[in-house]
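Structures are listed in the sections that come next.
Paired with subunit B in one complex and with subunit C in the other, subunit A is shared by the two complexes that follow.
And now, the complex of A and B:
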């Protein structure tokens, strides 16, 4: 019966927490394993244990292996992890503040906006104030991603953040932006065209350790920032009016979070090009195993994103012998069926 | 403690929901039912007092103007239950209620835990505490929403249709809980409701709103007279007493003036 010792609920809830901490631990372990496998997989036949010892002590490997592990594969594998983490975190925060399970940087056209920004930089061959092209392209992508986020925010404010409205707007935005990118492609010369097309396919090929570090720093900053708003975000899940009545400045929270989402999305996509569906799928995985207490949901989504992206990177090497497929193609091939599944399930549940 | 509303206007021009509300002071320990026909401004009044919408005029809680409260002061004093039910998410009610405590209070963990135990027992929903909200019915979610408000032990409760999704058992249970809260902690509760008979059973006062303004703030039997029912709802109705002596409202026919 119910009348038992005091704080029984707290004790009961503790088992939830222990479970979730274990899950987070398991996810982290999976990310590490996937990372090592990502480095090990490929024609050079290096084992996972060798990779591990080689990363700890480079002298363990012979010179050729050292170059393969440290120069060729490590940047790839690192980039996959940090980009996945950025997209997973961005997707989770976005779904919470827009109260929309189909929201993600990709489905709402923020990815396309980043592509447009990048194409602009590529075609116009921008280099201002001595800032090199390498950095102007990401900056331009970032600014466009912010623009798209604010458009979505405005729409949500004036027409209500209704699931269908926001998604349809995102799709319209995506088509519109793609058309403009097409225009750029048409006008571009052969080299620029190649760069744009390569961008839209999303590839880890341009990765290097310094870029991966930059994205990692952004992820770390954004994640620490979001830690200060964990309870507000969790409370927002109970409903907007509920959150308002608890003194949460919901509009400001939305604005701050969407800024953070733009920053995460743009910095992730800036170096690897357009990568879809990680930001959509990762939060769903995290929600399924960890629930929506954001203390666990956000890190869980970040880790799921990293894991998915790392697995996609492995898959991209294994699909065709000797060829590394652009990883964006892999995520799309896996992600689209999942997206359709979500839509159908939503439809069955009648709305939301 | 008292709540004093005078010259109160809520809602936006040109057709303000409430034009000019002047009420006698409401004393602590009082459960007030706010009743009236659709679109008369019950919800707008609740939202305005809760600080979600602006109001004009005076709304004094213990001689402090509500609109001058800082967000922190407001959530310490006021508890507002929105009409919309809490969302069906994968949160469990325990998280749902505790997150509300965490954003609004800086108490020790022991105090928070004790408050959570108290509220789940108070509403008798301990059994639901660890089930995901997606698996709860609308009525159960409504109860959890109420727990989110009561757990903070506010001095002024603003409840917008707290029983709209509940079955008979839980309607009574919620009203008993709210009533005992007002009595034991000497708080004030305003409860918007469409259920006149429930209001009659539990409320100390009834605030009857009509499209032309407030008709009465009086004990139930004095507020729900045939004349007032006609003016507020446009029905021919009467107050009857059941075999146990409780009053209840019966609406006979619709009525149109002129």
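And now, the complex of A and C:
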């Protein structure tokens, strides 16, 4: 009798796993398809087969097509995928560890800190040690984002790392940083102001393959690192006391995750500017499809982020032929209808 | 004899006084926003909503362009430092003119402006300073008894330059000087308009206007309406961004340019100090070799090198600030020559610019304002 029940349980568990693996597989497939569409679409009519052959063997394309595929489309499409993945993963971890569905990489002011760093480099027109402005801006954005999260971690360490404290520190920091960015905008001349505005709109056009590779490496490292904490994170979702009673060092876990989130956020935003929406919505999409089991939730959120961003990238160049819309504007336009659809469907099935 | 001279002196003084009183009459005019302007007397204390209009005022008041300026924004010094330095060398007091704002309408300090007791505020229809859409600021100034007048060299430069100069001449009682400028301007513009081929003909060249090169790492910002886009339209060129970008400026996809190549590439230069990479450096105080270096350097670093226009030597750069200046006729002549070299062999825009500086500017022409790329072979 018990063996029958346990057999049924095992079978159900197997279906549960298979379903989710299939979903993850489907998401991956969607990301690949979206990437291919991204790289195969543009004003220069180069067929998908030609593009693929050109990617395998660049000599297949004529010089102009080679430039278009390798220097214009590929960096753009790659950057979209890796930045989306980074923000999706960061958002998922953030929502779990802050136990707050409204959390995103921007909640704790990490995004604002990156903007401040970039603004500083723009306004002061920094070029130290012969490093060009193109690189100092992301470096400065990265340093500030890391600085902000370390400040939060430090404060949390001294005054207790419970969720409310961390969130309140983060929110205070965010408003403070935004005010300083405002101050910079006020002091900036017209051209610097334009640059800051463009940064806050977010754009993939600054991408190149080496930058995309750098972000990809960060995503890979952070993702592998988070794989070691999947069960702790899943347990944390069932409540902090529960996790504590099971012997999980919640404070320590929280600090480690926050570090990872700042690394992901900072490296993604450093090259593309402020892109806010992905980090909030990708985790929700993943949660609605895959549930709370972090073995599926984290990769799911990573893939959803990559997919959303890749679709946004396609749309930002397709909306007006020959024109590039700032991708930060488009991400919301792509994501929100999908997001609302999921909420409504979920609502019909009985509550969030 | 002595008595006669003394009488003569008295008489001339009287005549002068009478003449002055007669000119102290009210002035009525319509500005470029279509508003009626009523000045009780000629303005003596002017606030400039854009300090780049300083060179415009200098056209009418060559010897003492700063005489009536009591306050201005900082845009000239910030955005066009080359010209600012030229003016500063000639008129050191420029540094003492109180600033009433930075380089944007939001930074305009009404209180500071009113403290200067201005009797006229000169703004642009659009641009870096307060513009025609800031109705609250305008009504506040007017309520405080400061008339506001709008000029325009930017929204519709071809039509509004002459109107703006005539208006300014009337308000500042420099009509004769304004008319001299207008005559020259119209004659120079006519030299272009009369020799142009029909637009839309088989030989209409396509032009890509790459604005503010280097400002953002992204490629490629362009203008489609007003500003420098008007210059392309007026010289019968086909702007490749036309009908693509919804606003007046936007970002074109580099791929579009590579796939659908323009015949002519024109960059606008916003740099003013040598070595100010990644900007192209043009304008006051810039030597030809500095300009050439910066332009070639900028092109070398970009994928734009794959444009046929650049490979074949049809790539040019022009001083960005022609877009908001009554000297725009020079840029129009330059564009005409770039687009239709055959039709305009006689045209000498460099001479036009030299004459403008000589006759209408207190500072000498010293700088490079446009340049062609050296043919780059890969």
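Please note the rule applied: the second predicted complex is superposed on the first by the 273 of 352 C-alpha atoms of A that agree within 3 Å, B and C clash if a C-alpha of one lies under 4 Å from a C-alpha of the other, contacts with A are read in each partner's own complex, and residues count from 1 in each chain.
Heads up, the rule we're going with is that a contact is a pair of C-beta atoms (placed from the backbone, for glycine too) under 8 Å apart; a residue touches a chain by one contact, two chains touch by 3 or more.
Treat the numbers as computed from the prediction; the structure is a model and nothing was measured.
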item: Touching partner for A:158 - first (subunit B), second (subunit C), both, neither; value: neither
item: Partner chain(s) touched by A:291 [first = subunit B, second = subunit C, both, neither]; value: first
item: Overlap of subunit C and subunit B interfaces on subunit A (superposed complexes); value: none
item: Residue numbers on subunit A that touch subunit C, as the complex places them; value: 42-45, 63-64, 67-68, 71-73, 132-134, 186-187, 189-191, 193-195, 198, 203, 205-206, 317, 320-324, 326
item: Interface residues, subunit C side, partner subunit A - complex; value: 74-75, 78-79, 102-104, 106-107, 128, 212, 215-219, 241, 244-246, 250-256, 258-260, 270, 277-278, 303, 306
item: Subunit A-touching residues of subunit B, taken from the complex the two chains share; value: 50, 52, 71-72, 74-75, 78-82, 84-87, 89-92, 94-96, 99-100, 102-104, 113-114, 116-117, 120-121, 126-127, 129-130, 132, 145, 148-149
item: Residues of subunit A touching subunit B in the complex; value: 2, 6-10, 12-13, 16, 99, 231-232, 234-235, 237-239, 241-242, 244-249, 287-288, 291-293
